[in-house]
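Chain nomenclature is as follows: A, B, C and D, assigned in order of appearance, with residue numbering initiated at 1 for each chain independently.
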Amino acid sequence: MSEGIGASVTRKEDKKFLTGKGRYTDDINRPGQTHAYFVRSDVAHANIKSIDTKAASSADGVVAVYTGEDVVADGIGGPICGWVVPCRDGSATKEPPHPILANGKVRYVGDHVAVVIAETLAQAKSAAELVEVEYEELPAVVDLEKASSATEIHKEVPDNCYFDWELGDEASTDKALKSASRVVKLTVRNNRLVPNAMEPRAALAEYDDISESYTLHTTSQNPQLTRLVIAAFMFQIPESKLRVVAPDVGGGFGSKIYVYAEEAVCTWASKKINRPIKWTADRTQAFLSDAHGRDHINNVQLALDDNNKIVGLRVDTICNLGSYLSAFAVSVPTYLHGTLLSGVYDIPAIYTNVKGMATTTAPVDAYRGAGRPEATYLLERTMDAAAREIGMDPTEFRRLNFIPKDAFPYQTQVALQYDTGDYEPQLDKAMEMIDYKNFETRRSEAAKRGMYRGIGVSTYIEACGIAPSAVAGALGSRVGLYESASVRVDPTGTITVFTGAHSHGQGHATTFAQIVSEKLGVPLANVDLIHGDSEKNSFGMGTYGSRSLAVGGAALVKALDKVIEKSKKIAAHLMEASVEDVEFKEGKFAVAGTDKEKAFGEIALAAYVPHNYPHETLEPGLEESAFYDPLNFTYPSGAHIAEVEVDPATGVVKVVDWAACDDFGNLINPMIVEGQVHGGIAQGIGQALLEDAHYDENGQLLTASYMDYCMPRADDLPSFKVGYTNTPCTHNDLGVKGCGEAGAIASPPAIINAIIDALSPLGVTDMSMPATPQKVWKAIQDSQSIAAE
Amino acid sequence: MEIKDSYKLPLSKERVWAALNDEDFLKKSIPWCEKLERRSETELAAEVKLKIGPMSTRFTGSITLSDIDPPNGYTITGSGKGGIAGAASGSAKVKLVEDKDTTSTTLSYEVSAQVKGKIAQLGSRLIQSTAKKLSKNFFGSFVKQLEDMDKLK
Amino acid sequence: MYSTKYVKPNSTPEALEAIKSLSEGKFLAGGMTLIPTLKQRLASPDGLVDISGCNLDTIADEGETIKIGAMSRHVSVAESPVVKKAIPTLASLAEGIGDRQVRNRGTLGGSVANNDPSACYPSAVLALKATVHTNSRSIAADDFFTGMFETALEEDEIIESISFSKPTKANYVKFPNPASRYAMVGVFVAKFGEGVRVAVTGAGEGGVFRHKEMETALSSNYSSDSLSSLNIASDGLISDLHASAEYRANLIKEMTKRAVV
Amino acid sequence: MGDISLTINGKVETHDVGDNTLLVDFIREKAGLTGTHIGCDTSQCGACVVHLDGVSVKACTILAAQAAGSEVTTIEGIGSSDSLHPMQEAFQENHGLQCGFCTPGMVMSAIELVSKNKNASEKEIRDGLEGNICRCTGYHNIVKSVKAGAEKMGV
């Protein structure tokens, strides 16, 4: 069917967005609504000596001013950490308290000190200026490498180290390093990023004193989890007394997974003042207080034998988790990073150690790719460095070390078992798409124009669709990672799907409907999707980690199978046939070997007008639910190749061509998949060339607006060539793997490798992210002055 | 950030040192200073209205003198809060070196500046230039006053 | 934004009267810098005097010069047949300021009066020997820019128009800050019968400035070769997150080379 | 405070607001048209782009008072769900939007861009969208949409 799986149908949700009818949190208003504004710390690290709210409380329009003391008095807890890991020494991850309004101490610029609630936002802002906070300043902790010996940030976190974790076999890896014929060493830094979803975070909270329940509209990727955490862990109220709705959400990229102080404060305060409270971040607040991403330093050692086969890999990592442990901060650099270190390569010995450090910077958590871009970056940079060292073409060196296609399922040395994959055809196709073999001609042509042209390859794997709950639980996760789906068939055969996943740009209203259309043979127009409302949807885990389709879609298939199964029974009754003889095809139930058939709509009607119905064996109605817990991660993989031109006089790097060949398994809507790839690549190019969150030595964020934080714009990017190979996932019914993060995972090393390739004639051998014009120019100058000496 | 400069004054070290400790002199030297009141030997309360382009913010704070080594120099630190704009502080190590013939003195300074809050978040491109400009204005007008007085004599 | 009073007079004298009646009033031209500043509450004028109704937006060819009204929007300058014909590079400079929405609102007078060290227009004013006409006097470009965000303008003085001399040859090349897109270095080179003027914006701690060494070199030989042996000093150049003074010095030379074609 | 009156999408809107009210707040809060978004505080993201007397402006960087007496067109004013503007259609057909937050501003900029330059090349389109930031699409499909939109508009 043309609207089913595999069709590039246009999106059902587009019209509302295109006509300005999208309904984001800040678009919603409630009668009697007040406005909240947060007083934030402007120092990175300090004891709070006093907070004087007197003047603010009596200012025009002010309804209430609250501080940490009020939070403590009401027994409100802070957001919890959703995943912890054991340390090397057997101790647990150190989890310091994370108060929603500062309790005696501030730990980063932007930390919430007080909230002012007033009739208008302008009044709240003006009153906030009157809140006098006296600080006793403490030294800021900004330098990640020196954090362990810096001033203590939390008394619960000795040496500012939240955890010191390891994975893999240290002894065998060190042995491999010792006996190797060559060890390639590289230190790379994964720059700190600010996710920057275009819709800033917002919350609208209200309390109903009759039902004694709260409603929170918020910008969340997983409203159900927000509800669980706020109700059960922070407020200790019955979960049923809190409804959380995430309406249209303008992008997330990880930053809207977590429960943030602001939404909890507004919810708590809405009962205290018994009026609705709205809070919307401005962009600078977003820069200061959204969870940031990445910020790793990785020391890599890659051991090769005489035949240039990899025999071992050791990676020692320190990562910056910021001032507090955000919800999934611990899992990102550990189980979403360490476990990916085998990449697409057959590596017999791997060991990794990760130290998660506290600093006086904003909390760091998952950002598009979450751990996997860091793993891919260090590995793909090192693969290129190794190829250069041994004088081998980087694609040939990769090929030599790929996991062969007959080795699947492949057990890595870092816990994961890849179910399926075939890496050579991806690389072949990407090379063909970019015309790899004629690159040198293009390089010489560019040289005539005074430009240095380079080509860079990245072959990646990622683990999506996290994860079997039991496995995740054993590894430290405190949540399950299944997904829910309900299919409600109306009497006339139209369908409403309820999912626990959340769409904030991914196009679920379309792709989920395509699955229904394919399975039930109904037109796309007859399928609606409801998501993001704890009052309507079953418990689910939301959307992140490219999981919606691989887990949520799989749950939907299970629910649809139940609908079909029941429908068959109804059809058998109506057609007086045995259930075994009823076949369902293209929306029709037919009795094999006869011309008897019933349309899906007729079955639906019979289910709800059950005059002729097998009441003794079947309940009326047609509505089924399913929960799906994945059997394994899914493993998308691919090859991305970037071509860049560097202007040696200015250091400007221009991305001139891009080829991506990815294996996402089966595609539900290739048009949407392609859009996800484009967006991911753009964010990866942003990381590699433009974006950098920069704190000065006092912990002041100097890149807190688009004046200084460089967002990719249309003229920074090329058009992309996107292609696919397909080895369907073996353990979900759709054969899908997930595509949301691939571009952001694959692209940064491709670019940096291309820059190094371009500049290697000048003697440049290393480049850190972001490769800004100034940095590239300086590297060229430095290498030339070395050459001159 | 390193901001340094020096001036040669046709005056004795003692004369320059006295001026460095004279609040009227300081007040006239501090750019856009609207108020300066001595609180103690080493502390003065200050109010400055800082104008950088379209920005115009009143900073209230203090001027403190430390590392006092008469008549060879001191460290003068100004720090103030600018309300919603954030806070700023600048510290100048001032050194006086008399020439061999004792007819002139070289005043040299080294400034370090720190900003907090909105000014840091939004104005990073201007921090260094502004700090340099303010230091230059301060020492420039300090020196000019001294020279003018000298001429009057 | 703090509360403030908005008035829109119909002439320059009315505007001057309006600003005098305020204790800390501000002229509002295009508002591209002022309004974002007010939104951040980094200034609190008690009134805004919008001068867009004062008929200050005519563009005329006056023979030796072209005279552009201070309230001419960047888009009007970019699209003006008069400017395109007489000083095409001035039109293309305007075409390259900010984004299309900034060009639709931002004005020549606002940009020049503000003298942001990263603005494009001041370099054109300086390189094209412009004269700034205010309500009370005419100021030569060389006397107009006095420092970062500072000009010779008195508190209550309005720029009414600017006359730009027609060069025999001119070009403006800018290297934008990758994030803000303001000029990190912008070089305006203008050749006149009596010599070459080179104005640099985006780079100087004191705002826009003329680069005398390059002027001398180009006046004797108007070609990029004459710049090759020049060593551009980094003293007095801005150093920030995006570009050190040394890198800016390199860009000044490089942009000038590209401007001299 | 005082009445400010302007026409939005053909309808006269008169509201008693402070002189310091931004046009974007007037549109969102007073006229109730929430399709115009606010995505930054430094006039860069372009989520708030509307047309003021036919030219595109960032509604966050202009006072409602400055727009008094003018005609404002917002995303709600260019087409309806039954009859999309050709540029809106082109965005849908070419998957030029994902989360939809930047989309209204992007579409409003795109309409002005192609009405001034009907045969805009890819480079011209990319340069012409400098004032609009999108975090989702990587711009590839936006550029495609704008090209297709120009053809559809037959400008």
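The rule is short, and it goes like this: a contact is a pair of C-beta atoms (placed from the backbone, for glycine too) under 8 Å apart; a residue touches a chain by one contact, two chains touch by 3 or more.
From a predicted model like this one, the values you see are computed outputs, not experimental measurements.
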Query raised in the report: Which chain is most remote from chain C in terms of Cα centres?
Result: A
Query raised in the report: What chain pair shows the greatest number of contacts?
Result: A-D
Query raised in the report: Which integer distance in Å separates the CA centroid of chain C from that of chain D?
Result: 28
Query raised in the report: So, what's the distance in Å between the C-alpha centres of chain C and chain A?
Result: 44
Report summary line: Taking each chain's centre as the mean of its CA atoms, chain B sits from chain C at a distance in Å of 31
Query raised in the report: On chain D, where are the residues touching two or more other chains?
Result: 41-42, 44, 130, 132
Requested in this report: Would you pick out the residues of chain A that each touch at least 2 other chains?
Outcome: 125, 129, 284, 702-703, 705-708, 711
Query - Junction residues of chain C, two or more chains touched - result: 1-3, 38, 40-41, 180, 241-242
Query raised in the report: What are all the chain pairs that meet the touch criterion?
Result: A-B, A-C, A-D, B-C, C-D
Query raised in the report: Any idea which chain B residues touch chain A in the complex?
Result: 83-84, 86-87, 114-118, 120-122, 124-125
Requested in this report: In the complex, go through chain D and note every residue touching chain C.
Outcome: 18-20, 22, 41-44, 46, 49, 55-58, 60-63, 65-66, 109, 112-113, 128, 130-132
**Report entry** Complex contact set, residues of chain C against chain B
**Finding:** 24, 26, 33-34, 37-38, 40-45, 114-118, 147-149, 177, 180, 205-206, 238-242
**Report entry** Touching residues (chain side chain A, partner chain C) in the complex
**Finding:** 122, 125-126, 129, 649-651, 690, 694, 702-703, 706-711, 716, 772-774, 777-778
Report summary line: Touching chain D in the complex, chain A uses residues 10-11, 13-24, 26-27, 196-200, 248-251, 253, 280, 282-284, 504-507, 671-672, 674-675, 678-683, 705-707, 711-715, 717, 719-720, 743
